[in-house]
Amino acid sequence: GFAQLDLSRGVRQGAGEVVYGAGKTAEQIAAIIEALRDAGQERILVTRLDSEKAARTSELLDNGIDLGYVPDAQLALVGGKPSPTGNGRIVVACAGTSDLPVAEEAALTAEFYGNEVDRLYDVGVAGLHRLLAHAEELARAQVVIAIAGMEGALASVIGGLVSCPVIAVPTSVGYGANFGGVAALLAMLNSCASGVSVVNIDNGFGAAYQASLINHLSAGTPRAR
Amino acid sequence: GFAQLDLSRGVRQGAGEVVYGAGKTAEQIAAIIEALRDAGQERILVTRLDSEKAARTSELLDNGIDLGYVPDAQLALVGGKPSPTGNGRIVVACAGTSDLPVAEEAALTAEFYGNEVDRLYDVGVAGLHRLLAHAEELARAQVVIAIAGMEGALASVIGGLVSCPVIAVPTSVGYGANFGGVAALLAMLNSCASGVSVVNIDNGFGAAYQASLINHLSAGTPRAR
Amino acid sequence: GFAQLDLSRGVRQGAGEVVYGAGKTAEQIAAIIEALRDAGQERILVTRLDSEKAARTSELLDNGIDLGYVPDAQLALVGGKPSPTGNGRIVVACAGTSDLPVAEEAALTAEFYGNEVDRLYDVGVAGLHRLLAHAEELARAQVVIAIAGMEGALASVIGGLVSCPVIAVPTSVGYGANFGGVAALLAMLNSCASGVSVVNIDNGFGAAYQASLINHLSAGTPRAR
Amino acid sequence: GFAQLDLSRGVRQGAGEVVYGAGKTAEQIAAIIEALRDAGQERILVTRLDSEKAARTSELLDNGIDLGYVPDAQLALVGGKPSPTGNGRIVVACAGTSDLPVAEEAALTAEFYGNEVDRLYDVGVAGLHRLLAHAEELARAQVVIAIAGMEGALASVIGGLVSCPVIAVPTSVGYGANFGGVAALLAMLNSCASGVSVVNIDNGFGAAYQASLINHLSAGTPRAR
Amino acid sequence: GFAQLDLSRGVRQGAGEVVYGAGKTAEQIAAIIEALRDAGQERILVTRLDSEKAARTSELLDNGIDLGYVPDAQLALVGGKPSPTGNGRIVVACAGTSDLPVAEEAALTAEFYGNEVDRLYDVGVAGLHRLLAHAEELARAQVVIAIAGMEGALASVIGGLVSCPVIAVPTSVGYGANFGGVAALLAMLNSCASGVSVVNIDNGFGAAYQASLINHLSAGTPRAR
Amino acid sequence: GFAQLDLSRGVRQGAGEVVYGAGKTAEQIAAIIEALRDAGQERILVTRLDSEKAARTSELLDNGIDLGYVPDAQLALVGGKPSPTGNGRIVVACAGTSDLPVAEEAALTAEFYGNEVDRLYDVGVAGLHRLLAHAEELARAQVVIAIAGMEGALASVIGGLVSCPVIAVPTSVGYGANFGGVAALLAMLNSCASGVSVVNIDNGFGAAYQASLINHLSAGTPRAR
Amino acid sequence: GFAQLDLSRGVRQGAGEVVYGAGKTAEQIAAIIEALRDAGQERILVTRLDSEKAARTSELLDNGIDLGYVPDAQLALVGGKPSPTGNGRIVVACAGTSDLPVAEEAALTAEFYGNEVDRLYDVGVAGLHRLLAHAEELARAQVVIAIAGMEGALASVIGGLVSCPVIAVPTSVGYGANFGGVAALLAMLNSCASGVSVVNIDNGFGAAYQASLINHLSAGTPRAR
Amino acid sequence: GFAQLDLSRGVRQGAGEVVYGAGKTAEQIAAIIEALRDAGQERILVTRLDSEKAARTSELLDNGIDLGYVPDAQLALVGGKPSPTGNGRIVVACAGTSDLPVAEEAALTAEFYGNEVDRLYDVGVAGLHRLLAHAEELARAQVVIAIAGMEGALASVIGGLVSCPVIAVPTSVGYGANFGGVAALLAMLNSCASGVSVVNIDNGFGAAYQASLINHLSAGTPRAR
């Protein structure tokens, strides 16, 4: 009774369902996973799952179901990743070591939805050569996900270098006048480079979800939802 | 000397250059238009141009150049629009009558970059039937641009109805606790529907620019910038 | 000495007194419950009571008093609920699973004050069909309490569907640019649907209290307080 | 084409349509009024209409239509007010002389929707006796609309005096740390009195609309919208 | 070396020194108390001292020094309180039970500086009769300290009842749109009653310090500091 | 009807009534002045009155009434100032030339209520010697009103120099991250000097009103209001 | 009497005095200029002076004094610029055409205080090649002043390229979620590049003043002020 | 893989590398230290390192490497400090005892980069004599780092006393309307003293890094980075 599962979505969109783990107990998560499996859903992504809750969920799961937990990204990939099906590749770029959890949430979500991903990590603008060294990966991307905390300048700099859409993810990395990611969020919304749009602070999942939609568009009418 | 024009961009991207009119005098705008024309740029978009400055710019232009000013959108389309070249259609949806200037900035920018546009105006969520009546246009879109002020709920509702990317544009329409568009901006950033990303308040241009990039993506490596 | 109980209010308003548990110790709460009981108050509602403090309060209570704690709603119903006395029914609708504690605070408060309640949970706007499936309950409501975190769009959508008053409760569910419920609060204050008013973030109690006043209004002069 | 009029609403709700004048030109407003009249709508409320635009709208209207402009409330009542039909009376109370335009917007809107209104003006809490002198009107109200700028304390004080619902309207009256009404808005959202809900800053219309819904509720199922 | 004690201040101002305990270790606090005692300071006030740190400080103090810790006010009164020396009485009024720690910080600070204090607790504006019952104490006050969280209306109501100065202390009591006391702070800064000034959120000490200065003013030139 | 004048206050408090001019028309102000005069009020202070409205009010007044307008302070002193009656002197200190209007509002208000005032202008902390040169005036003050925009440091520095109460007035002087006086307001609320309280941004009147109350306190019970 | 001129500062610091024109009338500015000239001050900088006030000031000045107004920078250089005396060169870099007024305020202020200035304008990060083309000027700078609105990324990128101090100036250029320069301000305060400090929004003067201090430092003890 | 070390920077800048410890595990920090040592880096600064993580890092380090942890400054100085090489001395001044951790982060960072440091601690403006007693150290500084929480007035007062650059560091010391350092940050950005620039809240490292750059500038072209 506590949740109205949208069991038909996975079927319609050719990909697995996703569970937002943050507001749920291990008991609730395990129950949802089992209900989805019973309904024929093979692959399930659980985001925002801390290590402790993951361990407890794992114990609660019926025999034979592997949670597939990835601590670095604080998520679980029940049933693993599918083979890539998109039109091209998605680049996930992040500014610093501390942005890694958000970057991995984005990268693994993209892979979960059937995309090939290039990871460019620790390429913040304080040392531009680190980013410029990856011109090739940037040039061949269908979409770039640009992830940065602090002043969030990475999105603007990448936006000026590529001609594909850039989805910017501000992170809560920083302190003081960073205000939990607001500084980066505002910077990205005000990007002087065109072609940049923004998702919520730390929302690696959302950026990857949209990037995957873009990378799977086909000419003509898209699939009905 | 006051501006470093990026004359090669139009050529590289197969489309015209865009001039941000807000911070410039009519004299500066006319000079830039002429310089771009002299450099072989056929079509030029000038955004954020009020009627008075547009009239003055028009007077200053050399004989034979028509400014192509559109008051409803506060922009000028020098050289007109090209034939559409994208993979599919872009839907521009807006919530109320007062969002019209931003919606037209988006729609005309999209057309300027070679896209076919479906306009769904005054379809705010206070009267859902108005939006639901357009299921067909929504279903065939490659990208939807969802424009709304006040509580900005339109983006979430559309995001739940379509399976293509949605670019949300908060507008500054409203008063009081609207804070010049902040209420809609925050709502859109927190959309519970996946597949929604956001641009700056009133930035119809930026949404359309990214929508056009998405609508022109081809499988494989995109054009270098 | 630490509190000036308003012992006559229950009598005047024909319903039990309510204790706000958040800023009080278990000792203070137990003492107040006993004082109210001694003063002839049969039913007492204690809100914002966490499980630990509830357990401790239970131990402290005199023999024969059952705290009636409901963990899901973080509240206690000493003396249980009365039979419903209102003019009609109150709908409590919430957007997602994580809004449940606030929704239950509202629903149980409404029942405590003598109202019949219809619960519509997990009916957020990202999947409109879930809400539209409940047209009947919405149509027969005297008041709707619309509860949502994230972008808070539920209040506007419901406001457009019903012709009775809607009391909106923003919740602190979300992260990043949600700012602890501010995004939903602003959205609700800016609702483009008429007939919507708003209470404080997570204030399920306050919404239900007002809803009950509305549901108990009789034509002519109301009871003096 | 610029607006999708909801012509059937007046019929369904037994009252006239309302036009939000702020974002519209005199030409647009006159056209909407005429279209509504042609569709059989007898009474039309136009809010947020400044004197200049009202004069221009009046000129544009066809012969025989009187705009019914009320400068103090910045609104027009085309077709006048109906006879009252509610269950009881609505009190509109405001704190100071400067809150008067919002108070009149509320009072006239309530009358437009068929309610009897008691006006208690300039009864702010800095001189409590002024409010306490009106105990009788307060006691017989079905709903109170409490309007105040500055620190917005009026809503809490009234909330503690009456046992009917209170709808609070913060106004933008004040300066400095008032932040255009935010101080009053926050005060009202945090009211320590139960039974108070809040609408947007300066939204006298919205408060009166909801108050009218409350005052017209009948026991049992309400009218479908 | 870590602190430059202002040993002469006590002498100049005829009262004891005060130590702000929040940012200091028990070791630092004990050392400062002993240094002040060695310098001849008889009475020392330590504010913002939690129970744990107080216990540890007590252990560290040399034999014969009693910390005089008051848990309800989170402060210590080394050497006790002096006999009152002010011109009249100070009223400390607070709105609710949860404001008690701030109220006691104010009351004890006032007593520490030689003032007679009347405590009016739990007299919030949601039940005005509780405040009005204390007209006598209010009328004879030299200064009133008005302490309230939530919407902070108490300061305005008292400001309208008395003709002596009112020092308002917003507290962080509340939740949601209270923003840790900001709602009450803004309300108090915008008080429509004249004669009200404001100190920082939860700053009972500061209010009492200024109240004491006021209560000790003598006609003519005050003591040099 | 538009205002409920508190005609007895002047009598009770031994001083004239004050009219807040900002939200009123010249017609309203003139009518209030005449009503107060008719009721026997000799002196009337009108604050927040711009030059244009003052001229118009002057014309509207009956023969024989001189408005007594002071443009530098944007206020009018109908009936002039009384002889000083306070216990001592009030110092009005301001940081810079641009704070002058607020400083004069404070100084003239203090004089209107019967206080002797010492003006220390342009004594901001960027040139400390300017302030230190006035040690004598500061030492003999009963109250100091410290007025500053920008970073508002003057209140803290004065608070550390005097032993009488300091009432701080932040002004809206400054730009950028000053946010219309918020920077100074926050600085003053966080003053590390004890004995400082704060009024609203630009509220010279309020500071002077409270300063006058302080300067007129007599030992024992104050006058009832 | 309205201002306490610091006539000795020019002498002590070997440079002219500066007048902040924003809060002053043309009459006050002309009077100050003449007083400073009479006191032997040869060069005077007047900042924040709009064209209209400049014209009026010019008329008011005694014969023989040329105001030296520069409209692009909204400032006046009475007495012209001295020969450069600093240790090296100051680079003034700005992101876009609209930042020009702030950039010129900085550049001319630096020249007024005896510095050689290299101007790098319209070198924003959306087109990195424009900045990288100026590696030489950047490499030889003693200080760089980095000026940008919108997302303010320029400061971080320059901070990563140079090894001299960078003073960042956020500008109010932009719209929507730019909040009048706050986005750029926060970005600059959170710069991931070390060696960057920040001044107030649009404060070109302040940045140049500090840059000049740095460029004039000599080994050993600096001049006393 | 998780970090791209900038191994050549130490060499280019003649000083050691710095590791930001806050977002890293002890394992990551130990690995970076060893990699830097292996690459020939003799001295390494690790900032934002709490005692627990420091202890764990110490254990993980290879034999022979001493972490050099300084708990008061929450940093580690692997390899110790070099001999001073700057042009003059840097003054680190802080307002109160609670600012000490930030002050020591600044002082030790400055020493790590080869500067002589004068520490002036607990010299806040509430007792000006404490600061004025250090006129000599202030007069001979090449740069002053002014560190303060609460109202942050120290930077303005020092800015008015010295003629060298002042770098201001707001700290998060305070409560209530301090907002975690925002009050001090705004005050410092609005300093009425010229020559003051600001770094992020609590960023002692950043201020010292820039101060060191300034103190090492030589006439003519600086070192390339």
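Think of it as A, B, C, D, E, F, G and H in the order they're written, each chain with its own count starting at 1.
Definition applied: a residue touches a chain if its C-beta (ideal position, glycine included) is under 8 Å from a C-beta of that chain, and two chains touch if they have at least 3 such contacts.
The shown structure was predicted, so the numbers you read here are calculated from the model rather than taken from an experiment.
A.B. asks: Starting at subunit D, how many touch steps does it take at minimum to reach subunit H?
C.D. replies: 2
A.B. asks: Measuring centre to centre with C-alpha atoms, which chain is farthest from subunit H?
C.D. replies: D
A.B. asks: Of the chain pairs A-C and F-H, which one is connected by the greater count of C-beta contacts?
C.D. replies: By number of C-beta pairs in contact, F-H is the larger.
A.B. asks: Nearest whole angstrom, what separates the Cα centre of subunit A from the Cα centre of subunit E?
C.D. replies: The computed centroid separation for subunit A versus subunit E comes out at 51 Å.
A.B. asks: Roughly how far is subunit C from subunit E, going centre to centre by Cα mean, in whole Å?
C.D. replies: 36
A.B. asks: Taking each chain's centre as the mean position of its Cα atoms, how many Å separate subunit A from subunit B?
C.D. replies: 27
A.B. asks: Could you list which residues of subunit H touch at least two other chains?
C.D. replies: If we look for residues of subunit H contacting two or more partner chains, we find 96, 127, 161, 176-178, 182, 185, 189-190, 194, 200.
A.B. asks: Can you work out from the touch definition every pair of chains that touches here?
C.D. replies: The list of touching pairs comes to A-B, A-C, A-G, A-H, B-C, B-D, B-G, C-D, C-E, D-E, D-F, E-F, E-H, F-G, F-H, G-H.
A.B. asks: Applying the document's contact rule, which stretches of subunit A touch subunit C when the two form their complex?
C.D. replies: Touch residues, subunit A against subunit C: 1-4, 6, 22-24, 28, 170, 172, 180-182, 185, 200-203.
A.B. asks: Which subunit F residues qualify as touching subunit E in the complex?
C.D. replies: 12-13, 18, 87-88, 139-142, 161-165, 167, 185, 189-190, 194-200, 205-207, 209-210, 213-214, 217-225
A.B. asks: Can you name the residues of subunit C that touch subunit B in the complex?
C.D. replies: For this pair, the touching residues of subunit C are 95-96, 124-128, 150-153, 156-157, 159-161, 174, 176-179, 182-184, 186-194.
A.B. asks: Of all residues in subunit A, which touch subunit H in the complex?
C.D. replies: Per the stated touch rule, the residues are 96-98, 100, 121-123, 127, 130, 173, 175-178.
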